[in-house]
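Only one structure is covered here, and it is reproduced in the block below.
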Amino acid sequence: MLVMEIYAFILLSLLAIATSIGTVLNRSAVNSALFMVLHLLTLAGLYLLLRAQFLAIIQVIVYAGAIMVLFLFVIMLLNVEEEENIIKNTRFGFIGAFMVGALLLGQVVYSLLGLAGFLPELSGQAEAIGTVEAIGDVMFTDYLLPLQVTAILLTSAVVGAMMIAEFTHADGTPQDVIEHAPEDRVEEGGA
Amino acid sequence: MSYTTLFALVLLGLPAVGALTLGVGGLSNASLRQKRTTFGVLATAAVYIPFLATLYLGWNVFQSGAFTVNFGTFIDAGRWSVDLAYLIDPLSITMALVITGIGTLIHIYSIGYMSHDQGAWRFFAYLNLFIFAMLQLVMADNLLVLFIGWEGVGLASYLLIGFWFKKRTNTNAANKAFIFNRIGDFAFLVAMFLLLQEVGTLQFSGLLENVGMMSQDTLFWVGLLVLIGATGKSAQFPLFVWLPDAMAGPTPVSALIHAATMVTSGLYLITRLSPMFVLSPEVMMIMAVIGALTAFIAATIALTEYDIKKVLAYSTVSQLGFMFLALGSGAFVAAIFHVVTHAFFKALLFLGSGSVIHNMEHAIEKTRGKIKVGENDGATDLDPQDIRLMGGLRHSMPITFRTFWIGTLAIAGIPPLAGFFSKDEILMHTFSMGVGEFAGPLYMVLWAVGMGTAFLTAFYMVRLTATTFHGESRLDAALPGASSAFHESPRTMTFPLWKLAIGSIIIGWIGLPNFVVESLTGQEAHIHLLKEWIYAQAADLKVTLSYATEWALLAGSIVVATMGVFVGWRSYGNGQWEQTDNMLQARFGELYNTFRERYLLDEFYEKVVGEPVQWISKNILEPVDRIGIGGIVAFFGATTRVSGGVLRILQAGLITNYAVFILLGVLFVLAMMILGPVVGGTP
Amino acid sequence: MTTDLLAFLPGLLTAIGGLVIMILGAFRAKKQVVVPSTLLFLLGAFGVAIWQASMPTSVAFSDMVRSGSFASFLIAIIVFAGIVTTLVNQEVMQGRRAHSPEVYAMILFAITGMITFVSSNHLLLLFVGLETMSIALYVLAGLYKNERHGVEAGLKYFILGAFASGFLLYGMSFVYGATGSLHFQALALASPEVTQTLFFRAGIGLMLVGFFFKVSAVPFHMWTPDVYQGSPTAISGFMSTASKVAAFGAFWVLLTPISFSVDASTQAGSGSMAISALYWISILSMVVGNLTSIAQQDLKRILGFSSIGHAGYLLMGFVVATPQAFTAMLFYLVAYTLMNLGAFAMIAHFERTFGWTDASMDQLKGVGRIAPRRVALLSLFMLSLAGFPPLAGFFGKYLVFSAAIEAGFVTLTVVAILSAIVGAFVYLRVIGQAYFEQGESAESQSVDPQKGMGWGMVIAASLLAAGTIHFGIDALMPWPSLLDWVNGFM
Amino acid sequence: MISIEWFIALSAVLFTIGAIGVMVRRNAIVLFMCIELMLNAVNISLVAFSSYHGNIEGHMLVLFALSVAAAEAVVGLALIIALFRNTLSVDIRNLTLMRF
């Protein structure tokens, strides 16, 4: 069982890294988003390894299910063209970014040195705290205020998104994204 | 509230009330602004009543000694606190008398001078603001209140220099004055912090009692910083270049702020702190050198100027140099004495020049109105301040003419006019330092420079006066018939001229040299009234000369001054300025040209300070944000540039760049947190 | 439960207010209804906050949130900024397509987030509050969605903000890992063995990053001028003041106990290192902010860079971290809020009155002649920002600098004074431009110069101007001053 | 049993990859996805700490971070749509109107 867990961790973490690299490097936004969905699924697997059942489910349903679908929807709606080869075009920028990233990773990993021997075992409580009951218990008692503020946050996000995304003509009638976009693009191409 | 507190409140508050009333009144209603005379009278009252209050307070001080008026705690910072307190003692009373007395006369003069200016309301509000700030400065009981006044007079000066702001050069002059003053202010501020650190108080009595606590080094640095502060405000070498440009303001402003009062605030500050300065002979020496240098340089420049106000401006700088020389020689009483006398005769000269300019402007404009367009195009750019266009004004402006001559003789140092006594006392002190132990030879050189400058002063002042008033009118050559439009200025303008002229004659008698009587009677004499009055505040160094030497110096001063006037009269008396100046130029060649070009100081600042700063801000600071703040370019480095074509993605405005900077900041903060603090993190 | 709700009453009022305005908007309510009701809710919240500020600190919602004294005082400042922004905004945005009732709902939601943020006592609530504030501000920044400037401002703010909050969250996770709790108290009481681990320190560092971004300290500042330039001007003023007040207040409570209660004398705890990081960031902000503003041509960008410089002065308070520095920082926050809001409000007003297409310096030429009194107001705020006595800005700077000197940070103070002098030049340039330069009168004459300020602008501007003057001198007055009040919070 | 540093190291690697993505991508949508990658990396470390500490606070923070991410996605995508309407592309290189 233990060995199985280790194998599962290695497999999942390699998958997670691979899919995240896929997300970053893929030329097509659609493919990036699909890689991202895969990535989120592997993360859900990792959560299960950590006995966080509820979060694993939420990760799949909300993140992979809802948020990423929104992303894909927008990508499809806007029908954006593929980026030119990102590696070739920004080679030096890429090297620089990679070096900055490597430094950051180095610093974080260096700071992790203190963790060796710190918390070697999964807590016995882990099983218990990952359940819906445990989370529901505190959600509506100790975390009541954050919950309410989050409600306000989501409301304002939805209202705000409507304010930003809703476009109107000068006369006040709503304007469709698709309505003019392709035509304009044709004009641009013609000119 | 005792009467003294009440009067102090009137003295300190009324000008502010005046400034506010006039300012608000003028702002609120356009038709109200047209009542220029009313504004002028109100403003004058807001200065004249404080003058009376000062007299009352002075009488009180004379009767029962100095006292302070405390209006409560200004700032309480726990370990130290600063009170909103004012010191009423002979020194501050003397300064306040000069400020309000001469201020009143100049306000009266301004009523006439500004009677045709649409912005008169603004002018009087600013003038009252200036008086208010200047009184804060001289009456302050501690350095912080003094600093507030110090900044206030700077602001008022800035506003008044740029008063006619429609003209580009005026606003430039205002900015220049402001910037040069800033340099000094900064040094002064640092000195204040140092004093607070070392002594723990900013109050004068507390400071001066504890000067012994400070080490010699601290004394030197504090002294030097205060000196730099004073150098900026009092227009000393090398920061004096703003003062001549400041003449762009209306003439009463030049007389009040840039000759009689504000520019002496540096001297006042040093005199106030004199017990501290005498402990640091090095600073005294630097001060004396700066003073003598300034006096000489400015005098030589004045020799070659043709603008009547510029000559007076350089002459002011030169006289301020004399005062610094006095301070540097330990002659604090003499410095204040010269402040007082100079206030009278320089205000007189400036107001006289204002009267002349007023007249010239009037004549030029009136005559030009008669000339048909195109008939005489040369007349369009006639400068009413150019003495080359004047001459012969003695007939049409008799009062201005007479009073101007009185001023000239007073500044030249002809006894028994005011300038003679103060200047003689300064040079005597310098000579006394010259035979002293510390840097004797240097002070001897400075004394010689001082004597030379005294000669030059008499010479160029006679040049100015003679060229302006004597000979034949030269305006007619440029603008036919203009001289017939000359007229004397109105009563409001001539009245202050007479008052100041009388002052210029008699004010020197408050400082008759003691040794004259002493050498005759053999007993200690007390005829130097000013010294008796302010000796407690101004820690004068003793003069250690024999009576014979002192008599010789006195005689020397008279001879030099008389020589200067005589030579000047022979060279310029009949309006032959052109021949004489050409002769001088031929004789002195390059030296004369150096004077003429004002030692190229402006160009020096332009090249050494102005252009590099512009270059830095344009070529370094501006691209710092544009090309992606240096570091990133350096980081992505030369490779990026060499390969080319990628540079555009690094341009600012791009979110990517911003993100890179955030990441670099993360690296920095994390490094700091993980690897430990870098020097400077903890005190 | 009731006491809990009472403790969070200001936040409750603004949240309910936001929802009410939203519903009013859905029923196409007129501006004449929406604006007064917004003001009503804000005034209520303001009154409650002021009332609570006189009470001692208490906690509510199972230790999640603080109220009383310090926290309520900051809430009052934030709500005041909201009131002024509403007053100014309803006037300067009149007739613009983006001026919908939802704008006020978003302002109220943003304030709800700020209140949560500043009064949080738990990292989770801090995060939620910060995000509530940020999301509402992203929307407000991108309000001019039909113009490229507006979208650019919104998107730049959004992407970088999300990026920075990633770091903040990462830092929280590290700190949580080291201590096993997200409670402020638990962090403050953590044992030295915990706080001296590299891990904990790195966590504090990453949280500092989130903080630096919100207060736009260098080098996390790049978004600031762009966003301020592209956002509606009144909103820029709101962003530059209220969100910074919230960030400074929240992080003071969070950081100072953690980073400074640690054994700083041995220089081994995270305390001295956090001070060191704050020290350098403070210096960088002051220098870069003030220097870069010299090269700017746009008034809103100038104010953006100036706010970066001011963040540097405020960070000095974190470096010094004495009780004196604390009161100095609180005072400076009040002064900064007043004068910066005032400057933005006046620029917003000029933009509208004179039909400026942008807020570049050239537009200001000659305005001093057409509208001398209004330019005088602008000059007042500029002079206060520059730190001229006797205005609030001067006194604030003075308090901060003297606190630093008292604590022995002489170099820091000297740098601060030098950069303040550089900064003063920029503000004076603005005043000079308005008064001494000739403008193209043709353009100015096309608008009616006599078109003055409306009631909202008059109330807002006079409140701000009175505050700017009053707080510069109220320490001298015989009655209890703001400083006395603020001193009582310690 | 797997020791906790493995999870934290994994989260650090993923966080870095996300950060690099933010620096190299030009497409606003993908760039935003990279930020989501970073947030998810943080979530791993939070869940790991929570489980190893046996303390529910980390779980709760993840849950709230998730809803915040959802809200951010909504606003962010709305802004991206607005960008697209103005410039007909989602390339952030078009966002350089205000600079210097």
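A, B, C and D label the chains in the order they appear, each numbered from 1.
By definition in this document, a contact is a pair of C-beta atoms (placed from the backbone, for glycine too) under 8 Å apart; a residue touches a chain by one contact, two chains touch by 3 or more.
Just so we're clear, the structure is a prediction, and the values are computed from it rather than from any experiment.
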Closest chain to global C-alpha mean, per-chain Cα centroids: C
Most distant chain from chain A, judged by the mean position of its C-alpha atoms: B
Chain-chain pair with the highest tally of contacting C-beta pairs: A-D
CA centroid of chain B to CA centroid of chain D, Å: 63
Averaged-CA centre spacing for the pair chain C and chain A, given as whole angstrom: 31
Averaged-CA centre spacing for the pair chain C and chain B, given as whole angstrom: 42
Distance from the mean Cα position of chain D to that of chain C, given in whole angstrom: 26
Where chain B touches two or more other chains at once, by residue number: 622, 625, 649, 652-653, 655-656, 659-660, 663-664, 666, 670, 674
Where chain A touches two or more other chains at once, by residue number: 90, 93, 96-97, 100-101, 104, 107-108, 110-112, 115, 118, 143, 146, 150, 153, 156-157, 160-162, 164, 167
Chain D, residues touching no fewer than two other chains: 4, 8, 15, 18-19, 22-24, 26, 31-32, 49-50, 53, 55, 60, 64, 68, 71-72, 75, 79-80, 82, 85, 92, 95, 97-99
Touch-based graph of the chains, sorted into line, ring, star, complete or other: complete
Complex interface listing, chain C residues touching chain A: 4, 8, 11, 15, 18-19, 22, 61-62, 64-65, 97, 100, 102-103, 105-106, 109-110, 112-113, 116, 122, 124-125, 128-129, 131-132, 135-136, 138-139, 142-143, 145-146, 154, 174, 177, 197-199, 201-202
Chain D-touching residues of chain C, taken from the complex the two chains share: 123-124, 127-128, 131, 135, 138-139, 142, 145-149, 151-156, 158-159, 162-163, 166, 169-170, 172-174, 176-177, 180-182, 225-226, 229-230
In the complex, chain B residues that touch chain C: 27, 72-75, 77-79, 84, 148, 151, 162, 165-166, 171, 175, 178, 182, 186, 189-190, 193, 196-197, 617-618, 621-622, 624-625, 629, 652-653, 655, 657-659, 661-662, 664-666, 668-670, 672-674, 676-678, 680-683
Complex contact set, residues of chain D against chain A: 1-10, 12-21, 23-27, 29-30, 32-34, 36-37, 40, 43-44, 47-56, 59-60, 62-64, 66-75, 77-82, 84-85, 88-91
Touch list for chain D against partner chain C, complex: 4, 8, 11, 15, 18, 22, 28, 31-32, 35, 38-39, 41-42, 45-46, 49-50, 53, 55, 57-58, 60-61, 64-65, 68, 71-72, 75-76, 79-80, 82-83, 85-87, 92, 94-95, 97-99
